[in-house]
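Below: one structure in structure tokens.
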Amino acid sequence: MKHIVIIGGGIAGIETASVLTDAGHWVTVIEKEAQVGGKLNNWSYLFPDFTPADKIKSVLQEKCNEKDFSILHQTEVSSIHRKNGKFNIETSEEQQLEADAIVVATGYELFDARRKEEYGYKIYDHVITSADLEQLLLPNGNLTVAAGENPKRIAFVHCVGSRDEKSGNHYCSKVCCITGVKQAIELRKRLPEAEIYCFYMDLRMYGKHFEELYREAQEKYDIQFIRGRLSEASEKIDKSLLIKAEDTLSGRPLKMNVDLLVLLIGMEAGKGTASAAASCGIGCEDSGFLKTADSFLNSNFSEQEGIFLAGSCTAPMTVNDTILHARSAAQEVNNWLLRK
Amino acid sequence: MKDFGYTVIKQRTIDYDLFDGRLLNEVLELEPSFKVCLSCGGCTATCSTNDLVSFNVRRMNLLLRRGETVELESEIKKCMLCGKCMLVCPRGINIRNVIMLIKKSIPKYKTVTL
Amino acid sequence: METNPFIWPFTIGLLFISCFLIIIIGIWISGLSHIDKIRIAHSIFTRKSLLAIRETFMESLLHRKIFRKNLVLGYMHMSLAFGWFLLIVVGHIEAWNHYRSLSVPAYKAIFFRYFVTSPGTTLSEKTLAACVDLLLVFILSGVMLAYFKRLNSRVFGIKKTTKLKAGDRIALTALWLIFPLRFLAESVSAGIHHNGSIVSQPTGQILASLLPVHTLEMPLWWAYSIALTLFFVALPVSRYMHIPVEVVLIFLRNYGIRVKKRIDGYSRIQVYSCSRCGICLDSCQMTHAKIKDTQSVYVLKHIRNKNLTDEKLFNCLLCGRCQSDCPVGLSLNDLRITQRIESTKEYNSSYEYLRNGPVEVSPQTEVIYFAGCMTHLTPAIIKSMKEIFAVARVKYWFMDEDKTSCCGRPLMQVGQYEAAKKLIEHNRERILASKAKKLVVSCPICYKVFNEDYALPGITVQHHSEYLLELMANKRLPVNKMPLHVVYHDPCELGRGSGIYHQPRLLLDEYAEVIPVKNEKETALCCGGSLANIKIQMNERNQIRDEALKEYLSYQPDMLATACPLCKKTFAKSNKLPVHDIAEIVYMAIQEKQNLQKTEYKKEMKTEFWK
């Protein structure tokens, strides 16, 4: 029986573990947090159809409970060495593991919005990120702003930390535009009287039902979309925010007072991915995400034989893309082991 | 090119075939980073001059690309070269150099758009 | 007096170069402004001339500054300069001593060993002859080093050598030949006439035993004379103009003459004083970004040859490192700005909208806070300053809270001087109308221009690090040293640009632990974000920044402290190290102390309540 070690217990890691266990292999998942699920634990409702994240989470938890793969919680990988055609892995808890194959599923990190200082995150009171808002949109979330009132005007800022030379990330994070539209709609449902604006450079509605959701946002939910990049925000005495942008379609600068500013932060390859790359000897792209063997037929293979890649450690991905990528990784690992 | 049967006031249409690209080409050759502008408007949003008088940096790109050198010449003079636009630009364009290049070369290329 | 045709090339060459220098320097000085000429007239017979003579001795001859850079490089320059100077002086003394007269023509002193074939008899004659010999050996050691420097400059502590043009090549070759030829000529004559001294005599005898010295004597003296002549004739079109011109520069500089905003004789003198030593190439950080043809030495060369392009002139960060290191003390930044003014003078904007637009009434206030354009994009600095003003209970007018025109310096850095004056006038009116006594700025670029170009009588201009230090010293701010290890980055415009190195450090020391680094204060590194460079690309700026960061990271600090919003933005982009302005660090420390005090107070209240 072959042993496969999966680094990362998020959606990709658990899904890969599940499929490989079904195929008859022995799998160990190494997860640095106390619970599995990765970033899925931060989201409440998933686009484009508002599926509750709990639904996916509970399926994942079921798999962990019922299937026979082990999970090492609060553990990280210290080093990996090849020996006699297998991998020797040492963990932060000083365990020694031997594996026939490794799957890297370390996922992503969210962009730290403090790096975009001109938007005032953690400097002004009422600037939050999409991750913060996701928690506030839960039924018991508190959306009040100054003087304990609900915000009357909310602005979303697209492309925070993505497509931005100044943040060091030139790529598009893919999911933030649709997240913005989704959250705008959710906010509208909570605050029927509020004015909600989205400040965008482009609207990337590439996926299934994305464009339809965008249309619905305009038609049914009165979300207004303004094409213009926010340059900065400043705080007024009453803690409301004065934002500066240009309304490029009318060609004039625009100033606006808003009560709440939501920053749609992008994805970054995190420290976990960087350290996994270092331990495994895998290269990274300029973006920091892991290099796959190619873009079409071998996107689960890394440059190292026996080390496979699953999920958003290779590129920004949605939840459904991640699940598919993970299942594909499991398939590739299985076939590779059979060929050996 | 067929007119679609209605009167078109010439001044409003951009007749791209009449476009004189010499100034644009000179600027692009000396400042190639300008090619990647996506007209996001961040520059105009943060511009110091914009607070004091109507000035649209992003529009300079457009005027340059459509050969509207007369308007470009009178507009470009307003820039104070403070550099805030460069600190905001997501494509990392060297905007101050573009402005200086236009200021330097535009007397050579003044054309009147029809 | 006896003579020989071979002295004529030398004599004509010497006359030529003397006349040329007198004429050209005369033209330059006569082209100075009226005030400058008065300055010269008033300073000639004062102590300033003595200081100038001393500086000439220290720098033009002994090359002290080059010695500080690298011992071998310093020795090489000194041996050639000081050695040759002494050789000429001692040679003349030898001639005066021998002929018992002070009116000895130059060629008699230079070609002494040809004309005086009898060896010295008196002690003074023998001593002088020995001195001449030793000096010649001293110079020859320098020539050898110069030769090796062309081949392998790393030994001399500098990584690159400057490229040579035709005039330079002729002068260089002539210079390198002069001393070996003199040595050979004197040795051959010594071999024939036995009139040599401690080095030339033995050499002469060896040569006499090996070679037909009688036939060699005349050709060698001719060659020596021609080498000298070639050097004199090529001097005006070579870098060696710096030899005479540098002396003029030192005197004028001591008399108080400065580089102006328009090109005049003094800037020409500065340009010709560049010895092309190449030290500025090493100081320039742009070489980290593979920009290798825009440094000061090349720009000065292009100015001389009248082929300076904008691409080179404007591709400089004006960080001042080359100016700090220049052994001749050239005002490299000012020279570049003067050239930029010349290059862009046709298209200065008039900014009528400043005059014609509505001007808000300035509120009456003691203190004005001018954040600066860039600071609006680093709002943490503004927030910290606002909170600190509140803690210290200072009433102030936040002049550019909503909108202002820019301070004007970014325009000046790219040569748009006339345009900058319009912005300066507009802001100045507003500042003076408020009757303020103090102007606190957060941006060093603004600070420099407010200090140097704004003429604000009765107003003290302070960078916020100076102001906060003052507040803290007057006990208006609580002190709290946090256990943070901080590296302080000197901004170019505040440090080398305005001489403020200590105040930020003194302030920071009260609130954190400042780690000294290798390249700081006058030798501090530039972040690469400078607005003065209008040609450089973002990825090149990143390379410069990364080199500076590499050094700072090697000290493993908890954070990097800056005093400039542009430096902060530039370093923060790399995401390798937390970067905070001094004002933020001060405010962080004050907040920490206040929170501590609050919890202490709450505890106290609780115990009081339960008593």
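In this document, chain identifiers A, B and C correspond to the written order of the chains, with residue numbering beginning at 1 in each.
The rule we apply is simple: contacts are C-beta pairs under 8 Å (C-beta built on N, C-alpha and C of every residue); 3 or more make two chains touch, one makes a residue touch a chain.
Predicted model, so just to flag it, every value in this text is computed and none were measured.
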Inset, instruction - With contacts defined as at the top, give the pair, B-C or A-B, that has more of them. - result: B-C
Legend entry - Most centrally placed chain - per-chain CA mean versus overall CA mean: C
Legend entry - Computed distance of Cα centres, chain C from chain A, in Å: 51
Inset, instruction - Would you kindly tell me how far, in whole Å, the mean C-alpha position of chain C lies from that of chain B? - result: 39
Legend entry - Geometric centre distance via CA averages, chain B-chain A, whole Å: 38
Legend entry - chain A, residues touching no fewer than two other chains: 118, 165-166, 231-232
Legend entry - For chain B, residues that touch 2 or more chains besides their own: 46, 84, 87-88, 92
Legend entry - Touching two or more other chains - residue numbers and ranges from chain C: 376-377, 538, 569
Inset, instruction - Name, in rising order, each residue of chain A that touches chain C in their complex. - result: 115, 117-118, 120, 123-124, 165-168, 231-235
Inset, instruction - Show which residues of chain B lie in contact with chain C when the two form their complex. - result: 30, 33, 46, 48-49, 51-53, 77-84, 87-88, 92, 94, 96-97, 100, 103-104, 107
Inset, instruction - Using the touch rule from the top, collect the residues of chain C that touch chain B in their complex. - result: 310-311, 314, 344, 346-347, 349-351, 353-354, 357, 373-374, 376-377, 402-406, 408, 410-411, 414, 416, 423, 531, 534-539, 566, 569
Legend entry - Sites on chain C touched by chain A in the complex: 376-380, 383, 538, 569, 572-575
Inset, instruction - In the complex, go through chain B and note every residue touching chain A. - result: 38-47, 50, 56, 58-59, 84, 87-92
